[in-house]
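Notes follow once the structure below has been shown.
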């Protein structure tokens, strides 16, 4: 369409490019090395060794004490579903505490479970204007029948990092298990399961340059959790299903790379984020920043643009500039559904429809940010010129 | 190890090589085309189109009326778990009927559910000496509270094909849903969901030259089934989790290839199977065939060798000849656990420990079968010479 | 996701803006729902001589505003009143099922503008 | 899965067979469980002068039979009686945890053969 010569990919919180090194590491397992990790013959042992190396790489990224604490899954959604469902299904304690800005993989799981008539219910904690959970709210929400607290490490729409260590301590004081969805943080900021003090942690490979359909659940040694996927007893009987060897190898390699990149990437992405924000704010009137300035993921910026609608903006940015970003509303049958996260931090629905999320990666360049700022001011002017609610 | 110069891979019922064509189809999606199938911008639409093409390819292989009846999963285990768990969890009817020779993905799921205290129970139907379910047994097992019948299309250890059409009809007469685990048949023998008359069907990509970690559940239009994986609402709200685009593309391509190969491969593999059997039976005394001669998967042969143990045989075959096969017992803590399938068809435990499964593919050659026959007679003689229970 | 026709109208939306001293005005939608449209018309000899639209909304909203103004131009008021959301969606080569409500909006806005005109002129 | 040492013994198992006119015989295991061993010994001057083993069993069973006979050769009967399954597993560079029961079996067979010898010679 139109004159798109380039792609400026700023939707890395949605999914990322597979790193070249990752793809290369996977290729043998899409070729000659096709053995099954549970079999005895030579092809099988190559697969098994590759899976164990990957397990070490992931354990290394998370500072896990033992690599056996890492269980491979098909992604962040599965890891979240597993942690939540198995914590309450058929258990005596059936109350869950989450935050109101969790990803759908947590939120919908709780809602769907509650609807199934299994006598499961949950409390969704409010957040402040920056999207942060107040530890005192958690303390008040805990009940004698609370089985699990699940609060995300960082939010996927605005980037707010939650005080996990403090929250986990409060849960543990009451003997309640703590899970965190670290899908947005693993590989991006330090994630140390011991420092965080969590019992379970979800991650997803495709958020840090591994392929889609890969993920893991960290399960602290000694933590009891039923299987979610039953069958041949793979992953020490906790996650059955033939192990996705190429995927797992890619996940391991990506974890290794992310660990190497992390320290230099964090300040670089933080700087690019501030550059993007100041650039936009200087060029375009009535833009609001939804991502906190402090305690937020480097490389993520969520803004709302008054008098403009998200989808239209992102489509013009794509068509005319090859810029790939996300907007904060999704079209459901009947009307636009504004992001539950933006509503939770107090953004009014009418403004929330005009929100955009930029999310960067290792591959994002300063030149791309410059282009994006320029493109934004052009396209937003156009969209606003069409708008009946804008008379700038 | 030793002087292994070749690999003769005869464990295709465990997993298969990724076809070159499949790997090639996937590569763009491990490279440039890394978009998310649910996003609006240009990278996203390429992913979405690729996923929809794959859905058509899989629907084509299964003779599904509409491609929307295909839901992508992370493999056969997930498809089986989904069909079973969602049929009874939180539902009024909580009784399941399966066969006693189901794969662990079905069997263990039922057992684990029953143990969870959710008031779910199941009946495992016996099979005859060939491993076949008697439709009359199903009729007797159905109860007013039966929610689902799940019987595999073909068994993964001995290859017996079940009379699915007849069994599904009996279930439907009583208004009970019918699921079949077609993991071993999809891509190997004709699988037509309309002819079989099933409501749900599981398949797994890595059994027919797609990569590990791919699979699908066919769900007949109009069939109600809750989600198993909850979250962002992917796959028309039925299977959340970022779609594994490279995997799905590979699955689609493999389905297309399998459809093309099927007609010529069936007689070829049937002939190779008979050749292998007659060769072994002629060269080695006291070998018994466990796979039926008629109504069995072409390319699969299960035998028991008196006075020999499976693991030892398969390890020598691997070390000295590069032959990869499976044995019928698994080592659990404490002793060898003989295959539940062999026990169900009446093989005594002591004999079951000496069982081997050969399973072929499109890539299996006649020369490999010749080599295998020769290798078998050498290695079995050695193993028997060590055995205190053999005095041939 | 969108048809080529939708994309073409989205890329080059026709008749954006407001008719000066309009004969009728329709305001539909609601900022809370994310879509707002203002349709203004000029009527000459019982026909729509000018139609303009201002739109806050998604790609579908913009494309349907554009094609609706284009289709209705020159129609008699009765003809324009007979336009349905299906006519619009069809002219666009179809719309994704979850985007159908926006095809409603433009037609509604036009109908409201005509009703407004008629309320002054009958 | 198996250590190199296990593989090496599995590849070239030592002392397979039966001692002719043995001084003691041990039969352990059960075909139903998948492992059967027959250990035969010849004793000279209170020491194990010959040990042979026949084994039906998995890779671990074959490797442990082999290394057990090798280790015990030349030992006094008391020394051989003091051999434990951990000694065997350790000498093999470890065994997978679900394979530990086979390391038991060979030692048990040897001990039974010695007990058999002693029952005739005391």
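In this document, chain identifiers A, B, C and D correspond to the written order of the chains, with residue numbering beginning at 1 in each.
As a convention for this text, a contact is a pair of C-beta atoms (placed from the backbone, for glycine too) under 8 Å apart; a residue touches a chain by one contact, two chains touch by 3 or more.
Because the structure is predicted, anything quoted here is derived from the model rather than measured.
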item	value
Contact-richer chain pair (by C-beta pairs counted) among B-D and B-C	B-D
Geometric centre distance via CA averages, chain D-chain B, whole Å	39
Rounded Å distance, chain C centre to chain D centre (Cα mean)	90
Centroid distance [mean C-alpha coordinates] between chain C and chain B, Å	55
Distance from chain B to chain A - Cα centre to Cα centre, in angstrom	33
Junction residues of chain D, two or more chains touched	59
Multi-chain contact residues (two or more partners), chain B	1, 40, 311, 315
Interchain contacts (touch definition) - all pairs	A-B, A-C, A-D, B-C, B-D
Chain A contact footprint on chain C (complex, rising order)	7, 10-11, 13, 16, 27, 31-38, 54-62, 97-101
Complex interface listing, chain A residues touching chain C	1-2, 307-312, 315, 319, 329, 331-336, 338, 348-350, 353, 385-390
Touch list for chain A against partner chain D, complex	40, 45, 48
Residues on chain A engaged by chain B in the complex (per definition of touch)	1, 4, 7, 9, 11, 14-18, 23, 26, 30-31, 34-36, 39-44, 74-78, 80-81, 89-90, 103-106, 108-109, 111-113, 116-118, 204, 206, 211-214, 226-233, 240-247, 311, 314-315, 317-318, 322-326
Touch list for chain C against partner chain B, complex	1, 59
